[in-house]
Amino acid sequence: MDEARWRKLTDWPLLACAVVFLVAYSWEVLADLRGTERAAAESVMAVIWVAFLVDYVVRLSLASPRWPWFRAHLPDLAIVLLPFLRPLRLIRLVALFAILQRTTGGAFRGRVVQYAIGASVLIVYLGALAMVDAERGHGDIDTLGEGLWWALVTITTVGYGDMTPVTTTGQLVAAAVMFAGIALLGVVTASFASWIVDRVAQHDASEQAATRAQVDELTREVRALRVELARAGTQDRVTTSP
Amino acid sequence: MDEARWRKLTDWPLLACAVVFLVAYSWEVLADLRGTERAAAESVMAVIWVAFLVDYVVRLSLASPRWPWFRAHLPDLAIVLLPFLRPLRLIRLVALFAILQRTTGGAFRGRVVQYAIGASVLIVYLGALAMVDAERGHGDIDTLGEGLWWALVTITTVGYGDMTPVTTTGQLVAAAVMFAGIALLGVVTASFASWIVDRVAQHDASEQAATRAQVDELTREVRALRVELARAGTQDRVTTSP
Amino acid sequence: MDEARWRKLTDWPLLACAVVFLVAYSWEVLADLRGTERAAAESVMAVIWVAFLVDYVVRLSLASPRWPWFRAHLPDLAIVLLPFLRPLRLIRLVALFAILQRTTGGAFRGRVVQYAIGASVLIVYLGALAMVDAERGHGDIDTLGEGLWWALVTITTVGYGDMTPVTTTGQLVAAAVMFAGIALLGVVTASFASWIVDRVAQHDASEQAATRAQVDELTREVRALRVELARAGTQDRVTTSP
Amino acid sequence: MDEARWRKLTDWPLLACAVVFLVAYSWEVLADLRGTERAAAESVMAVIWVAFLVDYVVRLSLASPRWPWFRAHLPDLAIVLLPFLRPLRLIRLVALFAILQRTTGGAFRGRVVQYAIGASVLIVYLGALAMVDAERGHGDIDTLGEGLWWALVTITTVGYGDMTPVTTTGQLVAAAVMFAGIALLGVVTASFASWIVDRVAQHDASEQAATRAQVDELTREVRALRVELARAGTQDRVTTSP
């Protein structure tokens, strides 16, 4: 079995795992679970973490040139190993969106915009959740509503400062959301830029860049000419030889 | 009657409706209306909302492949249905600018910049209005002046934090203004990028990309050559045959 | 005399006027002048304002199609008429940089970056000055140092909020600096984008876009071929006719 | 000996110097050294500063057209002379990353992104260090943790304002970090834009821009045609002459 086939088989189960993880983590954080309920939620998350770990190890062993695969999938490794740093464990769920992404078609730029929107929504929710988990009882951010407001203010790089994390874990979560904000700004801007460049280029058809298809057609034309010339030359000789 | 004709007929009446809606909403919020005056303003807005709803339903029924139209006009549906979430009702007024836009000509990039400026001005005013409506008596933003200052600080993503919304409605309005800010940054940057790319490309004419017009001319030249060759070949044969 | 010649004659005197205006305004604001000294500074600025007004009127009258010139030079009109709104009067000094710009050569992108840096430095200084003028005694910003710090925090869209304007004039100045910040971000990003696009395109020479020069050369080649063919055909006929 | 050879010889020793400088400065700031320990750290830094100064002078004297080299290396001069303005002395260490950069290969856009990430990490650390050095005992930023949090909030242009510098030196450091933030945003956005433009262009191969390689091939084809024609013409004459 090769890696592509394994991915096809495991995509949907892993998506389900990610959703269950999200639900379990949301429940634990939002209901502020204690005792056996907390243990139950933690167990569910641990089992799912094992599933992701197994998936990573299997894919690494199936990859034929192993070193390039390892280098190209460092983020996957981080997603598997980061769980020990608890709130960042949630980053793993971005995989959910990547899987959803793979199932939809459409033009490249449209997919980039969809991905950016989807990833932003996920990051805002996960950031809010992780922030409430880290900061409850320590700072200003105690409820999901406050967490969402903080995450929105941060990911857009507005940064009012009416609520700021005070714990180290909260500040690490904040750093992740801030850099997500820079990436969001970058993707939005780049998509607009690509769209404007395309539209400006299409405006005046006579000024559009020559396409490969056009030059290929011209090359065919010249080759046909050469064949014709060769034929004409032969005919000449045939005609004039006697 | 098809959809394009319907749009042509209804553009100006709907623009008038949007302006009346803006005036009524501004009056209600800024004069902090109570009793019968408030009821009057609310009635005017309800009537205009019905007009927009009717317009949407008629356009949906006139569209010939209905499903693609529905998918492409989801924002229009949101504009019609969001009124129940009161301050966001104002988003509908962005339609005003889209209509104005349609009536002006000009180069593509120029129109994008005009649209961005116009939409920003509208969003700052509407955001300020909706924020005052949501926050008056709850937080720091009580007058239109304070609302405009807050909206400017937010849409530019500066975010001093000297005034921040504290109600959930206010925070939803703020989220809309923040994302408008990201879009504004994106459009401004993309326009500059497109302009610089164009100017750099024009700088050295001998290095400019080959245009389709140029390659078309070359293709005509080669075809003429082929015709000439065919004629010459025929002449050869004619001349040399006897 | 046409407009270009007038501009050439008046460039350096107007630059000198702008510098004198900047010095007079700086002196008035920073020394917090009162009485006759204030009157002296105000008189100097009024005289310079008249010079700018005369320059605008002369250029408008010299422009041959007057309406397009008027439309293209609306910012110049604003620079002349805004003085009545006092701190914004300083925007006029951006003209200083535009004049300096005209005297230096260099590649387009480099000049855009130089202009962006120069304009940013000028806007930070002028914004700080105007802010101190507007806010002294009303808010947090009383000295040039505080003004410069506030302007830096604002133009980079960081917006700590440790110092914020509280007067309407101060908030108008802040709005100008904020939008300058968005423009600065846009220009910096666009310059990087143009540079990266260029460098990526140059990386693999065989993948570079075909240039007009290349296609022009090819077209000459084909034309030469046609001439050759015509000559050959003639020779054929000449050779074979007897 | 020319400048390139000198650079090759001194790259690694200067990198080692920069690392030692960073360690000495970190130690002095973080351990808040006093007395002989402080003198020791200061001496180490002074010696390294002399090494950088000597390197600069030697390279200037080796450069054959001296004036263009001087103009192109103004930042190097600043890096050598700024030490007198103590916290900005650390900017010199960005040289470290430039040297590391030179030793890695890879595609242009990838290297730009790597450089941006590396420079950002360095700037955040150096900014935090310099800020603690400048602000300890004066404001909110007293530990490396607080300094790093402040630098992250600033470089992403979020700017909560929960910690802001109050000393002039601290504000100069902050200005450097803010402009680094604008540059970071610019590079991230530009890289995304270049990537999207490339991918959109690759999407439809028949619409790709004609390449120089293609036109070169076409030109070869036409030249071959001309040779063939010349040969055919000669043969014609040879065949038909008798």
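Read from first to last, the chains carry the letters A, B, C and D; within each, the first residue is number 1.
Basically, contacts are C-beta pairs under 8 Å (C-beta built on N, C-alpha and C of every residue); 3 or more make two chains touch, one makes a residue touch a chain.
For each chain, UniProt lists the protein as follows: A, B, C, D = Voltage-gated potassium channel.
Just so we're clear, the structure is a prediction, and the values are computed from it rather than from any experiment.
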item: Copies chain B and chain C - rotation angle from C-alpha fit, nearest 5 degrees; value: 90
item: Chain D against chain B, contact positions shared by both copies (same if over half, else different); value: same
item: Of A-D and A-C, whichever chain pair has more C-beta contact pairs; value: A-D
item: Far-end chain from chain C, centres as C-alpha averages; value: A
item: Centre distance in Å when chain A and chain D are each reduced to the mean of their C-alpha atoms; value: 27
item: Centroid spacing, where centroids are CA-atom means, of chain A and chain C in whole angstrom; value: 39
item: Touching two or more other chains - residue numbers and ranges from chain D; value: 157-161, 185, 189-191, 193, 197, 209-211, 214-215, 218, 222, 225, 229, 232, 236, 240
item: Arrangement of touching chains [line / ring / star / complete / other]; value: complete
item: Residue ranges of chain C in contact with chain D within the complex; value: 145, 149, 152-153, 156-162, 184-185, 188-193, 195-197, 199-200, 203, 205-211, 214-215, 217-218, 221-222, 224-225, 228-229, 232, 235-236, 239-240
item: Touching residues (chain side chain C, partner chain A) in the complex; value: 157-161, 189-190, 193, 209-210, 215, 240
item: Chain D-touching residues of chain A, taken from the complex the two chains share; value: 107-109, 112, 154, 157-161, 164, 168, 171, 174-175, 178-179, 181-183, 185-187, 189-191, 193-194, 197-198, 209-216, 218-219, 222-223, 225-226, 229-230, 232-233, 236-237, 240-241
